[in-house]
Every structure is written in C-alpha cells, then in structure tokens.
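Next come two complexes built around chain A: one with chain B, the other with chain C.
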Partner chain A sequence: MRFSAVKDHLSGFRVGIAGAGGLGSNCAVALARSGIGTIVISDFDIVEPANLNRQYYFTSQVGEYKTKALKENIARINPDITVLAYTEKLGRTNIPALFAGCDVIVEAFDSDEMKVMLIETVLAEMPGIPVIAGSGLAGWGNNDSIKFRKIDDTLYICGDETTTAGEDLPPMAPRVGIVANMQANTVIEILMKKNKDYFLR
Partner chain B sequence: MMNYLKYGVLLMFVLSMTGCENNKWEAHEQKLIDEYIKSLGDTAYVLYPSGLYVIELEPGTGSFPVDGDTIFFKYKAAFTDYVQFDSNDPYNTPYKYVLGSLKYAEKGVDEGLHYIKEGGSSRLLTPSSLAFGFEGIWNIVPGYTPVLWTIKLDSIRSGLR
Partner chain C sequence: MKIILNNRDEELTGDLLTVTEMLIQKKFSYRMRIVKINGVLIPKDQYDSALIREGDTVHMIYLMSGG
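Entry: the complex of A and B
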C-alpha cells in the first residue's frame, strides 16, 4: 500500500488527544504528518520555557495556550487537517462531549489520577472506543524497557510502566518522543484495520 | 490639481479634528489618574518612566521574578473608582503567566510583576497605553481608561530549570 492510499484512508478518521504536553504535542504532530483527518485536542495549560526540552513548541510560543500553539504548528505541517482545539480542563463531565465522534482516544496526561479518570470515563461513557495510554517515559537510555501492551480491544499501554518523572528523573525529548510516537503508531495500526464509515462522515 | 488641494485641505481638517478628540480623551484619562493619586494622600507610590504607578501593599519574602519565569498570581482589576470588572476568582485558581511573554497579560501588568517579590502584593495603576489602549476592550473597559490592578504574587517557577 502506497503512502497516498494510507493517507487517504486515515483522512476519514477523527482522533482525540487528551493533553497537549510532551506526549500529546508529539503524538498530534505524528498523526498530522500521517494524514489523520480530524484531530481533537484538549488542554488548559500554557507553554512554559521548561516545556521546550520535550514538547512540540517553539520559543516564540512561550506563554501561549498549548492548544492554540499546537493548532498553528499542525497547520504549518499539514493545513488540510482539521484541528479542534479546546482550552478546557478535562473531567468526567466534558470528556464524552469534547471527544464525541472520535474513533480512538490518546491519553496524554502527566498525572496518574487524570490518566485513571480518562480511562474510566471513556470505558463507562464511550464504550468500544479504544484508549491508547502512555505510562513511564521519564529519564534517558534503557531503550529495552519501553514496551507496548494490549490489555484488550479498548486499552493499549505504551511506555516502561515503571518510571515516574521527578527532580532527579526529568522527562526528556527522546523517551517522551518514543512513547508519543508509539501511541501514534498504535492509533494508525487500529485505524488501518478499521473500515471507513462513509455514512457518518 | 485643484482637486488634490481640496482633498488635501479636507484631509488635514479631518486629521486635526481627530487629534483634538484624542487630546480631549487623553486629558480625561490624565484627570482620572491625577485624582486617584491625590486620593492616596500619604500612601507611598513609585512612578516608573513608562507611566506605571506601583503601590506596595505587602513586601513579600522571596525574590523578584525575571523574564521567562512562570508565575502564579491572584489579581483583581478595577477602575479608578474601585469598581471591579475582572479577577481570577471565577477560575478558582491563581493566574499562570510566563513573565515577559506578553501573552494574555497587559503590558503594564507584565512590567508591574517584575517589581513584586514572591509572596508580596502590590496595587498597580496602568494608564491605558499600558493596558487596554484607546480602543478599550469589548464593552467592558472603555478606551483611554486607567486600570487598577491588585496583585498577589503567589509563587515563581524558574524558567531555567
């Protein structure tokens, strides 16, 4: 299958990304380059200088809302992609509405409570929609430890599942990027097996 | 040729009229600022070259923030008669801002934050040139309006981590 055919197939899908930090921004860019038709991103935070060591933003965007900055960056890569960016804090009440119609949801939060909240909410309110979670990406080295695990048809986990970011173990571009791209890769794998539902699009 | 001259004269007339209008509003703004400063009485304030007035309320204990730092502050924005029109209260969380970025903060507020230590609070008086300008903002703040900002600088996260 040629890339043009892959891109054409992917253009019919909508992917939700919860969080636009290290995982979310890099994953969104990988999906945009692959030609996903619609990307829904939600994040309430702004770009800080300390984010630039791993997140897909530029110095001129420091201080801006991540959603706005990411939308701009994606438009520069592929203007044909529809980006729906919501500068809102995600919770159990707004997740089903914001991510309505998404074929896959990428979990890209930094805190464990938020990760659990998202997975539980999607499981309860949006049954059947796969969630690709990231877990364990801090530090450097240890390529071998980063793995992929399919729990069932609706939950996939990327990362080493052990490390937690902290003062002595900062999250850094290479490992964050590996996990984010692994999540994007999983999204594409799932969508390539899926038939486009032309009636609904 | 005569036509050009005619239009030229007309243009100069219009420009001079708008100039008068602006002066009128600038004078109005200056009056509001002067009245507010007079009402302070003996309260100490500092006037910076930009036109920003800073009245220290609490000195604070930490260090001054520098450009690139992420700072968390609480604020109340009011007119010079203390009628409040905005604050961080509805969001129930301090306002997060990268100092020097001038994104989602007015010029005068950005400058004023440089003069507040961590934990301290100040009241800033920004002329419209450092806040919402001659156009104002929507129907909330009219043009040529000085604004009072009461700011408490909660914490600073260094930009150079």
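Entry: the complex of A and C
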C-alpha cells in the first residue's frame, strides 16, 4: 500500500491524546506526520525548560501552554491535521466528553495515578474504545527491555513496565521517544484494520 | 487452582481467591495497577470482593510513572 493511500485512510479518524508531555507531544507529531485526520489533545501544563530534554517543544515556546505550542508545531509539520486542544486537567468527569468520537485514546501522562485513572475511566465509560498506555520508559540504554503487550482489543501497553522516572532515573528523549512512537505505531495498526465510518463524520 | 496470569500458567493456593488475596499470594505490592479478570476491568474498590476462579484469565498491569 502506498503512503498516499495510508494517509487517505487515516485522515478519516480521530485520536485522543491524554497529556502533552514527553509521550503525548512525540506521539502527536508522529500521528500528524502519518496523516491522522483529527487529533484531540488535552493538557493543562506550560512548557518549561526542563521539558526540552524530551518533549516536542522549542525554547521560544517556554511559558506557553503545551496545548497551544503543540497545535502550532503540528500545523508547521502538517497543516491538514485538525487539532482540538483543550487546556484542562483531565479527570473521571470530563474524559468521556472531551474524547467523545475518538477512535483510539493514547494514555500519555507522567504520573502513575493519572495513568490508572485514565485507563479505568476509558474502559468503564467508553466501552470498546482502545487505550494505548505507556508504562516504564525512564533512563537510558536497555533497548531490549522495551516491550509491547496487547492485553485485549481495548488495552495495549508500551514500555518496560518496570522503571519509574525519578531524580536518579530521568525520563530522556530516546526511551520516551521510543515508547511514544510505539504508541503511535499501535494507533496506526489499529486504525489501518478499521473501516472508515463515513456517515458519522 | 490453575489460572492464566499475564499469559502464563500459574498455580495458586485455594479454590477461590479475591483479587486482594491473589495479590498477596503473588507478593504484588506496587499499588498503581490495572487488574482484569476474563477481560473485565476490576476497579480498586472491588479487590476485596471480585473473585478469581479456576481457569480464569487474569491480567495485572503495572503503570509506572514517567512520560
């Protein structure tokens, strides 16, 4: 299949990304380059200098909301993508409305508690919508520790499932990028098997 | 009893276990996790009541900080 056909197929779908940090920003960019029609991003943080070791932002964007900065960056890469950016803290109450209509949701939070909350909420409130979670990406090296695991049709895990990011084991561009791109790759794999629903879009 | 835990055959002591009992028996201590029994999500507040039976497929997924 030619890339033009892949892009055309992917343009009919909407993907939600919960969090626009290391996982979310890099995953969003990979999806935008691939031609996903609509990307829904939610994050309430601003870009900080410490984020630039792994997140898809630029020094000139320090101080801006990540949602605004990422929308700008995606527009510069692929202006055909529709980006819906919500500068909101996600919780059990707003997730279903914010990500309504999404064909797949990418879990891209930093904190373990938020990761669990997002997965539980989508599995319970948005039945049938697959969640692609990132778990374990801190540090450097150890390529072969990073895995992909399909639990079932609604839950996929990317990461080493072991390391916790902290002062002595920082999240860094290479491993965060690997996991973010594995998540994007999983989204594409799921959507390429899915038929476009022309009537609802 | 025999179950399938994270795609592997697993032998547990007892005929019927709650999720909490399974977690203790397997010494799973890390708190941030998702548990599914036969594909059904078990929320945290049901760990003491949700039952695991012979032949069940159980998934236990740790969510590690970092992103």
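Rule of thumb we're sticking to: the second predicted complex is superposed on the first by the 201 of 201 C-alpha atoms of A that agree within 3 Å, B and C clash if a C-alpha of one lies under 4 Å from a C-alpha of the other, contacts with A are read in each partner's own complex, and residues count from 1 in each chain.
Please note the rule applied: a contact is a pair of C-beta atoms (placed from the backbone, for glycine too) under 8 Å apart; a residue touches a chain by one contact, two chains touch by 3 or more.
Since we're looking at a predicted model, the values are computed, not measured.
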Room on chain A for both chain B and chain C (clash or fit): fit
Chain B versus chain C as contact partner of A:165, first or second or both or neither: second
Touching partner for A:38 - first (chain B), second (chain C), both, neither: neither
Touching partner for A:151 - first (chain B), second (chain C), both, neither: second
Touching partner for A:111 - first (chain B), second (chain C), both, neither: second
Which superposed partner A:64 touches (first chain B, second chain C, both, neither): first
Partner chain in contact with A:121 - chain B first, chain C second, else both or neither: neither
Geometry of the superposed three-chain model: angle at chain A (Cα centres of chain B and chain C, steps of 10 degrees): 120
First (chain B), second (chain C), both or neither touched by A:50: first
More chain A residues in contact - chain B or chain C: C
Least Cα gap, in Å, left between chain B and chain C after the two complexes are fitted on chain A: 16
Common ground on chain A, meaning residues reached by chain C in one complex and by chain B in the other: none
Complex contacts: residues of chain A adjacent to chain B: 45-50, 62-65
Contact set on chain C toward chain A in their complex: 32-34, 36, 39, 41, 43, 59, 61-67
List of chain A residues in touch with chain C within their complex: 19, 21-24, 108-113, 115-116, 119-120, 123-124, 133-138, 149, 151-152, 155, 157, 159-166, 171, 176
Residues of chain B that touch chain A when the two form their complex: 68, 70, 96-98, 101-104, 157, 159-161
